[in-house]
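Some structures are shown below for you to check.
Both complexes shown next keep chain A, but they swap its partner, so chain B is in the first and chain C is in the second.
For the complex of A and B:
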């Protein structure tokens, strides 16, 4: 178990005008499950390959457990990597596949096989019909089982301190993903292993990780525990990427200490207003951070604190004491989605009372604001 | 208005109507007949038998080129050696539209789809989302009143789909298009559909507003098509509960109680799915013992649930769905 320290890490592919990673810094605690989340081209896999030693940095430093990784060959790094698609030896038994890293380091058959069986038990191979380790070959396994075997093989690396996973669930069928993720979490907790997990799937990141780094264009926009990313996004892109659907974003103007839209205004606490620059502001709110007012109340109200909206449609999500609830799609006129009790038939118009807001200027968070209950 | 859509062998007595400015989501599994229906509407196959009228015109006898119907597939089919502008203009050129008017219409379509800055690029220089927008742009240039999209976003990542779905809704309303959208994702049925049409084995199972179909599914298959996760078997004898109808709090006085041994959780921030076998020994009001199979619960927010715990879940008896056959 070892902490990772990344300082001003830069990487450029030869001949590329822009660096793939640009002066990136990150601390990952020993025993932490850390996810790198972002769209394609964000630099997630590049960072993983720098950690494993498949790539060499153009600048900056990387430390694992306090030791610099500069000049340390991949095989000597005490790291192991699991790839998107399991790479297995079809002619070898499950046990020989599992113990390959031990064999490569000259460990004798007996201790090697003991270790292999222990890992198979830990990953519950038996419950999955993979009990016959010495006679079964990978060819008969499902993709789920194959990926589990690949993970087991990575775990067999002697003195392993850091497990690196690159979109390990891509090839696994959707309904089985949560099981493999759960197995990984259990192993991680049991071994206290530091894990870095690359994914473009926010559910995967939020479910698996203690902390998540949201990446875009070679830069980390925010590293935080899942709940913080959801409730206090540091950047509009983090708000958009985390949550399903993502953070609603609408434009406003800060005039004095008041947020102003054509049909809406909202006074800010003085301390918050002073932190902002007068001018354009982006307002973010989660689907559950708005109260929806409809019917006669909405027709009567002429309250500038309520945001008028036209209803475009609805998605049923669940049931609570008041009946169906779900997402109402609204146009303010920017498209937004709000979680609320659903009535039938749907109203045509509504007013929104925004109970909680995240303020951004030039996409960077400048403050949080709670408007309270109406 | 697209009217009278009726498929041979279809036992649903009411016929479908699709109004301008609305989206109809054709929801079904792989090989349920969605794609065949899309191709049939575009006049590309005779494998479906049925009839359909657009206004007073019977579409049946019209060859594909004369149909006011444009089809977009899940694979981005663009001309690789033509720029974005040339791709969008291709149907206009085929119709013999003059160059000046062509430029004007290409500009209008490109701006509606956010492609105006990319007009000189080749398709291979575009991202996946941009390529699919371009394919939709070409379809729009046909000036077809009916736009049929067959799983158009299936190859795109989830966040991009979210954005494109909103664009599509705006496009349908602003241009008064009759839009049909084939999908296997119930989430899209809800998010996009003014109406949904449930398809199974080349037949229409049920159609109507998404919330109405959701509230009264006529069969187990219909309920499953409208559910993101498998339904929970309450008793193995035709009683089912939807994952979203399980709650952490009791649901009234006659609330049903279940105990799930938590095997795993998944959260996206807004919602959390909890998976595990249901091991409670409670019985339904009518006395039947429930099944001990894998259950799924869909809970609001990020509740503190730990793997291995015995989680008590509650449901209202009125939410139990009963179907004569599976």
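For the complex of A and C:
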């Protein structure tokens, strides 16, 4: 069990004008499953490689369980890493693959094979057709089995405190992803090591991790439990990146304590208004945070608190207990998407009652508020 | 689908049959023909069966040549293979000097074989050769025209100079093809330099090394020009290898019957050794 402390970590690739990681700080608790989420080029893998020691930081400090990792070789960090595509010793048996971290550290054959077999049992190799550990070689395995073998080998690292996974499921077909994720969670619950998991797939991050860090351009925009990322994004990019579709964003002007748009105005709570500077702001709302009011109700309720919208189209999104639900594409005039029941006929115009709003100024979240009672 | 059948299609094979016939089968059969007959001129000939084979296989000179040949091939392989890998490991792909070094390495491979022999013939001379003179100046008596051991060492050195580059270039190509994550995984598994070589690099070099061994094995078994120019097989028989002995029989003494029988054996011998090596390697894969 070891916590990770990252302080002002900076890394630049030789010859690069901009640092890949820029004064990044992060705390990961012991035994936590932490996901690094972001688009390509965000610096996720770089951060992982710095943790494992494959790269050396240009500045800042890294600590694992209180020990500084400066100058500690990758093999001596009590850290293991699983790569995007399984890396195995092709000419060795499954058992020799599993036990390589022990063999490299001079553990004798008998104890290391015992450990290898225990891991194989734990990861249920037998049920997956990988029973003949001593004679099978990785060449005959499927991609999923290979990745599982790579994970097994990582787990064999003596005194493992930190397991790093670099998009381990990218190469695996979707049906197997879920299974591998379950296995990983079970193993983590049992061994209690800290896990850092890199992915660009939000579903993967949100279902796997206790906390998720959303990264962009070498900076962590927000580290929070999945639910917080969804409900209280700290940055417009987080709101946009998390959720499918992402957070709707519309522009407004803060005048005094009132949000003003051309055809809409909404009073802000005084405490919140004080935290903002008057001027342009952005309002974010999730597709399910808006109620669509149409027809006669819309005519009646030409109320300032309701956002007028033109209907641009609708798509079937899925089905739940109440039947099909769809996403209504609206123009306010910014394009927004709102969740709605599909059974209703599509009107030309609608009003949106926003039940919940996130207020951003210069892309940074300044507060949350509910858009009033309907 | 019905394939159209026409026996006239066999005619399409005719050019190939003719070319292969004239280039391979006819010369080979000529040798076989000579090896079972005693031919004095076009009219005077007699069938001798396997007599030539019997006599040549009992020839102590041949036994000596064969033994030297095996020692020679084993020695050059044992030196060139590890040395080539070592040179390849020393080359870093990212280094700016590497392309120049690769060209330098490839140079011996481009030198015509008799030129290689001539170069070493001069280079190793104790009176005017840079190498020979320098070694003698160090107080070591070295004269490859007088001492069999010195001649043997010179021959090995020459072959190593000529052919190590081939192994090095092949191994370098193999090493550059190893993906970085393989090394990264090894580092995280805690593998040291030797273990990384053994478990990461060597298995991935297998393919190119098999080719390197096969090429060097076949080629070293057939070596003729360089030792012929360097020592002519001497002093005594100390550097007479199989092909050298064959040439002595066929061209020097004009013993065409025994020479033909020897050629057939020689050909089958190289084929057998290469096949043995290859099947031993391939069978391990199954």
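Here, the second predicted complex is superposed on the first by the 360 of 374 C-alpha atoms of A that agree within 3 Å, B and C clash if a C-alpha of one lies under 4 Å from a C-alpha of the other, contacts with A are read in each partner's own complex, and residues count from 1 in each chain.
The working rule: contacts are C-beta pairs under 8 Å (C-beta built on N, C-alpha and C of every residue); 3 or more make two chains touch, one makes a residue touch a chain.
Note that the structure is predicted; figures quoted are calculated from it, not measured.
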When chain B and chain C are modelled together on chain A, clash or fit: fit
Once both complexes are placed on the shared chain, angle at chain A toward chain B and chain C, C-alpha, multiple of 10 degrees: 80
Which superposed partner A:203 touches (first chain B, second chain C, both, neither): first
Which of chain B and chain C A:74 touches, first, second, both or neither: second
First (chain B), second (chain C), both or neither touched by A:89: second
Partner chain in contact with A:248 - chain B first, chain C second, else both or neither: neither
First (chain B), second (chain C), both or neither touched by A:186: first
Which of chain B and chain C A:365 touches, first, second, both or neither: neither
Partner chain in contact with A:100 - chain B first, chain C second, else both or neither: second
More chain A residues in contact - chain B or chain C: B
Chain B and chain C, minimum CA distance [Å, superposed model]: 20
Set intersection of chain A contacts, chain C complex versus chain B complex: none
Residues of chain A defined as touching chain C within the complex: 49, 52-54, 73-76, 79-81, 83, 85, 87, 89-92, 100-101, 104-105, 150, 153, 157
Partner chain A, residues of chain C touching it in the complex: 179, 181-182, 184-185, 187-192, 195, 199-200, 203-204, 206
Touching residues (chain side chain A, partner chain B) in the complex: 39-40, 175, 177-179, 181-182, 185-186, 200-203, 206-207, 226-227, 229-230, 240-246, 286-288, 312-321, 324-327, 329, 335, 339, 342, 344, 346
Touching residues (chain side chain B, partner chain A) in the complex: 157-159, 162, 166, 169-170, 173, 187, 190-194, 210-212, 214-215, 230, 244-245, 247, 249, 251-252, 263-271, 273, 275, 298-302, 307, 316, 319
